[in-house]
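Same chain, two partners: chain A is paired with chain B first, then with chain C.
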Partner chain A sequence: MSESGIDAERRSFIACALTPSLIVLFAVAVLPAIYLVVTSLTPFQLTAPGSATDFSVPLRNYGLLPGDPRFVNSLWVQAKLSCWGVLFQVLLGMLLALLLNVQSRFVEFARTFFLIPMVLPPIVVAVIWKLIYTPDISPLYYAAQLLNFTMPALTSSVDFALTAIIIADTWEWLPFTFLMVLAALQTIPDEYSEAALVDGASKLQIFWYVTLPFITPILVISGMFRLIDSVKAFPLIFLLTSGGPGTVTEVTNYYAYLLAFDTNEIGYSSAVTVVMLLLVAGISLALVWMGRRREAMA
Partner chain B sequence: MSHHSGRRATPGRLVAITMTLLVVLSPFLWLLQMSFKSNDQILQFPPPLIFTPTLENYVSLWHSAFSASFVNSLLSASLSTALALLFGVPAAYALSRWAGRGKHALSFAILVTRMAPPIAFTIPFFLFYRWIGLLDTVTGLVLVYTSFNLPLVIWMMQPFFDTIPVSLEEAALVDGARTRTVFTKIVLPMVTPGIAATAILCFLYAWNDFFFALILTRTNARTAPVAVVNFMNYEGWEWGKIAAGGSLVMAPVLIFSLAVRRYLVSGLTAGAVKG
Partner chain C sequence: MKNASRGSSLTRRKLLQASAATAALTAFPAPLIAQTKPFAGVTLHGASFQHRFFTLLQKYIPEFEERTGMKVDLQLSAFPVYNQQANLELSSGGSAYDFVNVTFILAARWVAAGLLANLDEFTGDANLTPAEWNPKDFVEGAQVPYRDAKGATYGYSWEGGAMLMGLSRMDLMEKKGLKIPKTFAELQQVCAEINGTDGVSGITSFQLHHWNLPPYIQGFGGNIFRKPPSDIMPALNTPETIQGIEFYANLLKSAPKGVLTYTEDQARQSVLTGRANIFIHSSAWVTPILLSEESKVKETARVVRMPAGPVHDHPASNSQGLGIPKNAKNKKAAWEFIKWALSPDISMRLVKEHGHSSVCRRSIITSEAYRKLNTVNGQDLGALYLEVLELPAKGENYMAYRTVKEFPIVGDVLNKAFEQVATGQLPAKDAMNAAQDQAIAALRRAGTQL
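Up next, the complex of A and B:
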């Protein structure tokens, strides 16, 4: 075969290998987004035929959003859930990583088991916490009774429902931040802290001046990852509180779900989703930008 | 190996680690033990920690509609994994050997499919499926899972192909072999471990899904995660069955994910750390 024959043959192979995937990626990443934006410009309801193509007042849905108390409230609930969840996950994940950053066969073995909450199907995590939060069968309520302490019903209380979700979410995703911070800790050369130790630095000082600056970027990045994913916390809310009591735990994602699949307001739900997508896209772009900058610095 | 205070495993630290592990895993263990209790034992107060385990919950699940849901889950997860590998592995190879514009399209697609909340896709998918009659079918689920696993396959497989020296392929090409043959006979056998790890991750993503299955299925194609939830809503509060169902849903996940834990992080962070 001639040199150019090999090239042509190779090019056609590459084209054959790539084309189906690129088509699927386009169909899955781009088409739904376009469709969503178009639908958000209509008052589409499943029960009203013709409403899917009614573009007479295209920005009606977006105009309604700022005056919709449930939408505004859902953003606020999401902000609370995300901020507290991410804060706890990063802090506890870091503490756990520091605790487990030792060389021992036993600890290496134990690390695997710390990952369990993260790999469980999200719906199983929700079932697990449903068992913990249901007074009749929960070890938590039994322990409270032993201590002569009356536990409030966590998931149906206005004061505690969101906290209950945050606790379950933190339990589920703690292993993620733990794993990322541990990986970063293991790249710190031992010489740094040894030198500090020779200079008479205390353990706390070593943590503050040697370890922390080293792992700060990974703390920020893992926090951002969790921030983006916290928008998806659906099974926990679906199973534990259904957004209630009232709208105390109704995040934007859940509100959009109720709108589209409970009240059939597809058009309005699409507008809510588009706003949510824009927010997530903003955070994602910041994350990519930080990742690139970090790679450039390394 | 250097030794200093921060990295040595003191007995005190080992005890602290063990205690933490027990606390962290206790909710999970509670579900597991409950699945082996009869409903009377579950409602007993105080809860008995030592009891005669029973398999009655699992047996009654086996004879209920749950087993069909379990089969639906197995089918949709494994078929979508196979399809995603079929499309994605050659694409990853092509991208690894030929750095073209496809790379940008790829990282964009990965970013979108991984970062966007599923509701953004479910509305279009739901309406489209309703229109062409794919609602409540395993085929519909396979299509959704395949398309979301495809970027993951490409993302995971590319580094494996990158590590294979090009000189190997060139030698074969000079001998007159076709690119297709080089790919299937020389390159693919060298990346089998990578394919195995990728396949497991794909399977887990499809298996773990709750949201798509909740909206795109009703009764025929209902998957195991959705079936577990239905024990709560319609068939009364059968805690034993719920616990057993949950345990069954998580069993394959625990086994597989421990096998691929090295790749878990790169799978979870796909698309962002290295764009």
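Up next, the complex of A and C:
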């Protein structure tokens, strides 16, 4: 058989092997996304029969978005939640990984223990924090009372509600960055730090000049992953604050949820969701681009 | 011998009777079965949100299945889940359900959009509805949401909610020389004076502000819409509405910390344990301070009408109904079920056997048995419940704001604006002016002509 014949056969085999997966992927991911985009071009209201197929002003919903103060505010809230949440998760995850990067049975047990929040179902995490943040039953408030310290109701306070969500989100996802950084730390050859020690470097200098350059790509990658994932903080917001007080913790996906399921504005909610999808897709593409750039530079 | 002969003669007679019966059954099997079990072979699909009423009803359903021959498949989901599913199903013209719960907040929407079957066609037919079922026995105030503009009925109520005021710590009030508040001003004073005494909060509430707030707004003469259901221009920034918002925000200063995020359960728990004195909510949530075994304040509790405003006395009330989707496959069977589930007999059994008092049949609420079961420490809870439940049907239907299809949009805006006022983010006037603009923009966006 000629070489081109083998190539054609290989291509045909690859196509045959990939087709079922692509069909499934198309059905579960692409079709709903297409439906979402199509719906966003209509004024679809559950209470208005026929509105699902009204394409008379297809870009009406998108035109309304910039003038909707709640949508604009929700993007800002999402940005604050994502930035602070990711920053704390990366920094604390890194610190925890540095602390626990030693060989000991106790530390091994502690590592497993620290992973628990990440494997809990999100709604369980939300319930745990609901208990912590509820003044009448929370041990936190009880302790504060014993110390004669008055704590505000965190989830209904304008100043603390978003912080309360960030703390809970950080608790839940810190193990992810911890795990990633710990894995990276364990790949650093000991020779580098030993050589630096011989040259008289302090521990801080070793961290700054040896360890950090090694783990920086992992920090960036895990930060980007968490940034993408941070738009999914829905259960925490749903259970802890319902987006309040006012719109202080109302992120974009929660606003889209209210529009779709509380007020039945499916078309407009789809437009909000499409914008969110584009933003997340943009971040994902940046992540892919960074990965490729890193490979090219290596 | 004599006995043997009689025995033999009986055997022959029995044999003859059995032969005749067998012949008759062979000749006319179906009509005979149909006469005994008219809906044999039918599976009735129904849906509602989870509620004690249905949990109790499920205990009686085997009796209904036995009598009619049909099988009842009742799907119960969480309140928001059910509302979403049913709304989607009915709006898309589906026929998956034969009967549904007509949720109060969706009632007007479903009735106006023609998504439900007209039940007058069933009650008006003597073959389908016996006179003793008496549709007029349902409390008129509870039936208002299920009627269209022409007065046709699309649902019958199985649950009524009447806003009452529960006071858990009358002992503290008496110590301070305070009387049960009857006006908004007195309510404010009582809450402020009790708050902090023995660690008790003056009042408790929960996060569904667009349910808790309107009685205060209406009490000062305001409303959510200008004149619902005919004029649905939002009226969120009128001086009366702003006054109501400011009043309720001030009232919550006497509430436990974090009350803005309280659920109904949290609020109820705070009065059952005596940690909060006043709770103003539907009877089913308030009366447990007197009736529930969990209550630690039975001896010091009172349940009364909520205080009246300076302009109106409009305690909220609502109801939940059973209806038949327009495209249901088994309408007659569904009506048979609704007729049975809301019959005087089942309603009375629910009251007597399970203490379920939020029924909507007047004859049951005013019965001696009901009164006996629902009179605690000399307080006739049934009379209070009936009094409030009837109010929307007397004169102006002040609950109409809640049954118009535009309410969820405006209610959501109201919720957010109130929290901004209660947490001091904005003065009431600014928050409500912004809310008015947002509500109008949101309604226009949703295609509402204002």
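To be clear about the criterion, the second predicted complex is superposed on the first by the 270 of 298 C-alpha atoms of A that agree within 3 Å, B and C clash if a C-alpha of one lies under 4 Å from a C-alpha of the other, contacts with A are read in each partner's own complex, and residues count from 1 in each chain.
Definition applied: a residue touches a chain if its C-beta (ideal position, glycine included) is under 8 Å from a C-beta of that chain, and two chains touch if they have at least 3 such contacts.
Since we're looking at a predicted model, the values are computed, not measured.
Shared-chain residue A:L258: touches chain C; no touch with chain B. After overlaying the two complexes on the shared chain, residue contacts for A:M276 are found with chain B alone; chain C is out of touch. In the overlay built on the shared chain, the residue A:I228 is in contact with chain B alone; chain C does not reach it.
Residue contacts after overlaying the shared chain place A:T39 against chain B, while chain C stays out of touching range. In the superposition on chain A, contact is made by A:P152 with chain C only, not with chain B. Once the two complexes are laid over each other on the shared chain, residue contacts for A:A79 go to neither chain B nor chain C. Looking at the shared chain after the overlay, A:S242 reaches chain C, while chain B stays out of its contact range. In the superposition on chain A, A:A17 makes contact with chain B only, while chain C stays out of contact range.
Once chain A of one complex is fitted onto chain A of the other, the partner contacts of A:L212 are absent, as it touches neither chain B nor chain C.
If you count the residues of chain A touched by chain B and by chain C, you find the higher number for B. In the superposition on chain A, the residues of chain A touched by chain B in one structure and by chain C in the other are 136, 261.
Interface residues of chain B facing chain A in the complex, by the touch rule stated above, are 1-2, 4-9, 13-14, 16-18, 20-21, 24-28, 30-31, 34, 42-43, 45-47, 87-88, 90-91, 93-95, 97-98, 102, 105-106, 108-109, 111-113, 115-127, 146-148, 150-151, 154, 173, 176, 178-180, 183, 204, 207-208, 210-211, 214-215, 225-226, 228-229, 232, 239, 242-243, 246, 249-250, 253-254, 257-258, 261, 264-265, 268-269, 272-275. Residues 43, 45-49, 51, 64, 67-70, 133-136, 141, 152-158, 240-248, 250, 258, 261-265, 268 of chain A are the ones that touch chain C when the two sit in their complex. Considering their complex, residues 80, 84, 87-88, 91, 93, 109, 113, 207, 256-261, 266, 270, 275, 405, 408-409, 412, 415-417, 419-420, 422-425, 434, 438, 441-442, 445-447 of chain C touch chain A. Interface residues of chain A, counted against chain B in their complex, comprise 1, 6, 9-10, 13-14, 16-18, 20-22, 24-33, 35-36, 39, 96, 99-104, 106-107, 110, 112-124, 127-132, 136-137, 139, 142, 171, 174, 176, 179-180, 183, 190, 193-194, 197, 203, 206, 221, 225, 228, 231-232, 234-235, 238-239, 253, 256-257, 260-261, 266, 269-270, 273, 276-277, 280-281, 284, 287-288, 291-292, 295.
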